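Order of writing sets the chain letters: A, B, C, D, E and F. Residues in each chain are counted from 1.
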Amino acid sequence: MTATPSRYRFLLIQGFRLPADSPYLHRKLDGPKEQTVMDYPILAPMLEGVDWEVHGGALTTYGNWPVENRQEFMHSGLARLPIVREACESGKYNAIVLLGGGEPGFHEACEIARPYGIPVSSCAWSQMHVATMLGSRFGVIDLAESHSSYYANLILQHRMDRRCASIRLIYFPHDRPGCPSGRPLHEERAKARAGERSEAVEEAVEQAVAAIEEDGAEVIFMSCSGLFWLQPFIQSRLDEMGWEVPVLHGYKCAISMAKAMVDMGVTASGLKYPGDRPGRRRRKKLV
Amino acid sequence: MTATPSRYRFLLIQGFRLPADSPYLHRKLDGPKEQTVMDYPILAPMLEGVDWEVHGGALTTYGNWPVENRQEFMHSGLARLPIVREACESGKYNAIVLLGGGEPGFHEACEIARPYGIPVSSCAWSQMHVATMLGSRFGVIDLAESHSSYYANLILQHRMDRRCASIRLIYFPHDRPGCPSGRPLHEERAKARAGERSEAVEEAVEQAVAAIEEDGAEVIFMSCSGLFWLQPFIQSRLDEMGWEVPVLHGYKCAISMAKAMVDMGVTASGLKYPGDRPGRRRRKKLV
Amino acid sequence: MTATPSRYRFLLIQGFRLPADSPYLHRKLDGPKEQTVMDYPILAPMLEGVDWEVHGGALTTYGNWPVENRQEFMHSGLARLPIVREACESGKYNAIVLLGGGEPGFHEACEIARPYGIPVSSCAWSQMHVATMLGSRFGVIDLAESHSSYYANLILQHRMDRRCASIRLIYFPHDRPGCPSGRPLHEERAKARAGERSEAVEEAVEQAVAAIEEDGAEVIFMSCSGLFWLQPFIQSRLDEMGWEVPVLHGYKCAISMAKAMVDMGVTASGLKYPGDRPGRRRRKKLV
Amino acid sequence: MTATPSRYRFLLIQGFRLPADSPYLHRKLDGPKEQTVMDYPILAPMLEGVDWEVHGGALTTYGNWPVENRQEFMHSGLARLPIVREACESGKYNAIVLLGGGEPGFHEACEIARPYGIPVSSCAWSQMHVATMLGSRFGVIDLAESHSSYYANLILQHRMDRRCASIRLIYFPHDRPGCPSGRPLHEERAKARAGERSEAVEEAVEQAVAAIEEDGAEVIFMSCSGLFWLQPFIQSRLDEMGWEVPVLHGYKCAISMAKAMVDMGVTASGLKYPGDRPGRRRRKKLV
Amino acid sequence: MTATPSRYRFLLIQGFRLPADSPYLHRKLDGPKEQTVMDYPILAPMLEGVDWEVHGGALTTYGNWPVENRQEFMHSGLARLPIVREACESGKYNAIVLLGGGEPGFHEACEIARPYGIPVSSCAWSQMHVATMLGSRFGVIDLAESHSSYYANLILQHRMDRRCASIRLIYFPHDRPGCPSGRPLHEERAKARAGERSEAVEEAVEQAVAAIEEDGAEVIFMSCSGLFWLQPFIQSRLDEMGWEVPVLHGYKCAISMAKAMVDMGVTASGLKYPGDRPGRRRRKKLV
Amino acid sequence: MTATPSRYRFLLIQGFRLPADSPYLHRKLDGPKEQTVMDYPILAPMLEGVDWEVHGGALTTYGNWPVENRQEFMHSGLARLPIVREACESGKYNAIVLLGGGEPGFHEACEIARPYGIPVSSCAWSQMHVATMLGSRFGVIDLAESHSSYYANLILQHRMDRRCASIRLIYFPHDRPGCPSGRPLHEERAKARAGERSEAVEEAVEQAVAAIEEDGAEVIFMSCSGLFWLQPFIQSRLDEMGWEVPVLHGYKCAISMAKAMVDMGVTASGLKYPGDRPGRRRRKKLV
């Protein structure tokens, strides 16, 4: 951190926080910030010169397992709002980056932060926008039917349905109570990083290629942050195969778009997220 | 109620419940169910022969004023989910009707209820579907910028953007702390029902006509349930003017669609609201 | 039938009527109404409490074989209009249900009936609307190229092209003069109902699954009423396979939507089906 | 007519034929073909070198007044089909041009003629296609609410809704029994051609300009053939005003497109208008 | 050529002209016009009675190989503009036909020619418009990834994306310096015309069938004029297979549409290609 | 410039360069880079820490006046390509920022630069993408009919037509030979910056408000770089009026998106801008 304040003062907020004793917990909750942010090493260059902090997220209010279905996303979205409000009121940040692939509470966070002049960036929103800058259609890799159905709804809300080639599923749902244990992603990640064969990588590559060849995808990204670690693996595999297709990483996109909004001095339009008594009103709103 | 069980066994759930001591409370919370459901007299014929109960809604978790912005809708949506789950588990109902114009928690309620084979109906969803059966485009009458922005997002989620002529605003936001008091809708309603001139009626008619003449609306409905009482007034005024345009009432639509789903023996598709471990999975989801 | 008039007084009108001596005739033309309405047993619960009559349809004016191509649909559409007009003038009905999957004469019937305040419901229209309430996209099962091309045009007219995953064809065209005899559907139905293997069922299930897996269908229905009997068979087969996908029945949908319009007290918008000299006119019509 | 057969052998078929004693009849039914085709003088150059005949149309089957609403269009469509079939069977023509602005029976005529290798051209279809060649959006001038609603449905069927800026109405409905007499178009035409002020011209120009300035129209045409005579008047008025906007004439477009199809040796695709037992079938039809 | 001036006076302009010593040159540059226009024999009937000349095109400014990628198209587009301007100024022509499948400089040529009242026709534009007259969706056969990407952009500009089933690639890129030599199309053409097996024909038919069966194409055409010779071969193969699908030829379409515009007396709208100081201006332009 | 190389090494390339003796020249061609880049003071913070150079642009090849119509854009686009190629080959830059509002040569520049791994950013492209991140629809302020027609075509190519509320015109065309002199923008700018009333500002604000109130714009930007200086003036006027609507500056957007692409390590997809012989090819391209 520099003596003169940085151009960028960011708060990164985790999507949710599992209880410390959760059997489903596979990430570090405490310690230096660099250790609690997933995939920090690949983010480090982008964060250089940024004054950033990370909030560990709101404790899950529905149970001790990871977010996957619509109800759980609504829980996590609501739980995150007080953190956003507090961050805005603190005056310490000039942008908020919502971690978590399914961006729980994104719209509501924008509604909170906009009157403070603080832009909010999140993963689904930023990945879709970056992807459509780079190619005609994007392909999404998802990990469960329930999650992909929720995610399709995000795509609609961002008016990106015409730009989505498809959501392709690999079947690695998060473990949860009452369901037979699946193939834990953290084990896949460990294998891949150890240079071993990972079924998650294999299936993701297979689906990415199918999205390219059959569905018209020209850019690939993952929906759930639990899959973001796949990005360099899929990218290098596509490179090797000769597919010149960008594979995006949600955190990179979210941080980049936050920096861009700060640079340009903009936040979301007040007509998209109006205050309770806006200074000026339209008679007619078009959808 | 009949001795033999009715074909229809419905639970109507209010959108939210203000604390009994809220200065913003303008509806009856307790007493015979017929008195706690808004506009019961115009619903009565449709409910004849229906075994129905009404749940007063979840207590608001954000404050003591009515829902209007995105954050408040998220609060109300989440708060309503346990009621939905409990109703499903009770085995007493064969459909759930979500009252409240902005249908807080609708998608999540569908996710909960579908595995029980219980259809869920709500006001925005049913009004849009009924409206597009009757005309090419619908016009929505809304009461505040924040609410209409939230509502536009519902229209996107229901894939109805191409069918929405416009959202037209009359400016009657709900009173809320810290904002100057507006023109309370319950007073407008009282005037209208007393045969006096109501500004809300006048403005709503004016905007309905503008939606018809300028925006291409062929059917009209209101977004917020706080405006539903306007329905007969706008309808009769349009009739008098010679506009043969249906004006819908959210509760009528929601109840009708619930009855229809029960009659047809259907609920939402399991591919729209998949369970956590669905029996069968798609490799590819299109948005 | 009850002593007090029912809430619902419906006339069901067959799509067309083959001459009694037609070799292509495979349904009962006369007798108790319950025997002349196809699939009555599965409709019976919905019709309980409904005052209903059935009109056997207009005699075909193009020949003695079933409707399948565009010309034949135009013939049948026109032939049905006097029946609609007479029903409206009789004052006996408060809704008209057009039987026949390809809904010949639907728009014209709406034009006739609307000034009487009588809603008209038909199979294609109602199936599409019900399907889009339940899922993102519907898949249609059709029986001949000519019919599916006509049907695609109905989908366009109902502005449902974005919601149609695909029309999937099984090849069971109706027998007609000058063409080699095919595989008669009434024989397939007999086999299926007798618990024997029916190629029509097999192919329909195969195409339904393809529509789900490849085309994005989340709800399935049949286009031609000659295929409606497949509904319970496809539904149960999909259920067995673990696909939680609603399969609709055209008559159920049409009757349900008729009941709903009566309940809500609405008909089609006068701006969609204007009279010859409407009381009020728009300067501008948007498509 | 030339000794050697012309490259083009066309049959022009009137939209319908009023009885000779109809009080609503304002065009010549018999005599030299040049006198029975409306606006022949402006068509003459295009018809030079064409072997053409005109069929006076089928006698109206609904009454003795001009076609305007949906029912009447269905009547006229069906009545025209035998003429089309006979023309195809005669072997005398290599294209059929359907006169009549609302193109009654167009799709069905295509279905009939395609197996003969004979292209069919009609006014709405050809005007829309020509218009979108020339500009981004077209504006339509129509004469009655009922007609414009029917015409909007044609636009949908031709998948041109995104290209239609608006249908603008001037109010000159055809006279019909039981309705107060309006402002007969043939009188307006007489005035305009006599150099006198015509309200129809004035209103049409006003609406054309509104379509250009407000709705985004870049090309203008009329829906009903009863309005086609306005074409040169609107064109010259727009020219004078400085609007460089093509105004189309339905007959010119229909004849041009017929010539083009003959030149290119094409008819409509057999997948759009399949025969009853096509040689080859698709498993999947997309809408 | 006739003594009296023809109704049609056309200048056909080649897409580009390779230097006479180019090793990539495989067409005749000089001699009688009938020998320098590709596929003249199949165009001859359409050109009968037309006063036509052909311009050999502008010398390539980027190199001595054929146009294929975006840069090369921009070069060729710009180089062609002076030819267009000169043709307009000459007063000799009443329409300009741009040869070359990828229509380099089409929009700019329209901008130049419109004030002269001279319509401009070109291959991509006219093929798309003709195709959508004949069927719901068209399938394009292309020869290289770079070319198809450029061509997709043409489809967008002509607002035809919803009407394009797919671009299907056969891999016959033009030879160019620094790239290994491929399978030269002129050799394929020679084989096909000699009645020998041509891989280009085989692959094109295969892709055309895939476009029909899988992508929903109902009409087929080629993007690059280097592929136009395939038209009769693909057409006859589809005919043999029983697919009743029109296969278009770019030059036929472009000439036909030029004739049609001359017949109708229209050019592109001045609102689509406005002059530098138009007589009349809009305040609002819609995209 | 710093001792350690910056994270960002950018070449900014002007849209075109007027001859030094052009009477239409109103910007500084030589001197310190900070003086040749328009609006440098508002860009300065964003360029801090960036190693940047500016190229003065290619000399105009069509004349000595500014680019405005389609032909001129094609000239400027082609002329800029060698500069792009040279910059890529130099190895000095990791991103290229194309100045000039109408982004002449953008697609072709991407085609050139992508194989070098160098992202290209330009004004129209980046403004549209940024705008749609911030609001539902954008409104564009343009200065001439010809320019806005060209610009509409850019919007189509970027698949942003559904997101464009309207292009609103103020009438300040660039002076050009043979046309009466208009109201030079550099004089308007001088007035505005001097605190005097500028008609350009007044009209732009008026049109921005119309775009917001009537067309549904939620974000505003200018098309032509000659209008970019308006940005702070329009923004502050809207702020004063109570409209909470972001007004974008093209250069800010283009630089931000360049930085973002460098940060994320991405360029355009190789499937959007394929090389001449790509390593991997698709059989099917969707538009």
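Criterion: contacts are C-beta pairs under 8 Å (C-beta built on N, C-alpha and C of every residue); 3 or more make two chains touch, one makes a residue touch a chain.
Given the structure is predicted, the values throughout are model-derived calculations rather than measurements.
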Neighbouring chains common to chain C and chain F, by label: none
Separation of chain C from chain E, taking each centre as the mean of its C-alpha atoms, in whole Å: 45
Distance from the mean Cα position of chain E to that of chain B, given in whole angstrom: 55
Shared interface positions of chain F, touching two or more other chains: 136, 152, 159, 215, 271-272, 274-275, 278, 282-287
Touch-based graph of the chains, sorted into line, ring, star, complete or other: ring
Chain order around the ring, beginning at chain A and proceeding next to chain F: A, F, E, D, C, B
Partner chain B, residues of chain C touching it in the complex: 7, 45-46, 48-49, 114, 125, 129-130, 132-137, 159, 162-163, 165, 212-216, 218-219, 241-246, 248-249, 252-253, 255-257, 259-261, 263-272, 274-275, 278-280, 282-287
Chain E partner contacts - residues on chain F that touch it in the complex: 68-71, 74-75, 77-78, 81, 105, 107-108, 111-112, 142, 144-146, 148-149, 152-153, 155-157, 159-161, 164, 166-169, 171, 173, 176, 179-180, 207, 210, 215, 271-278, 281-287
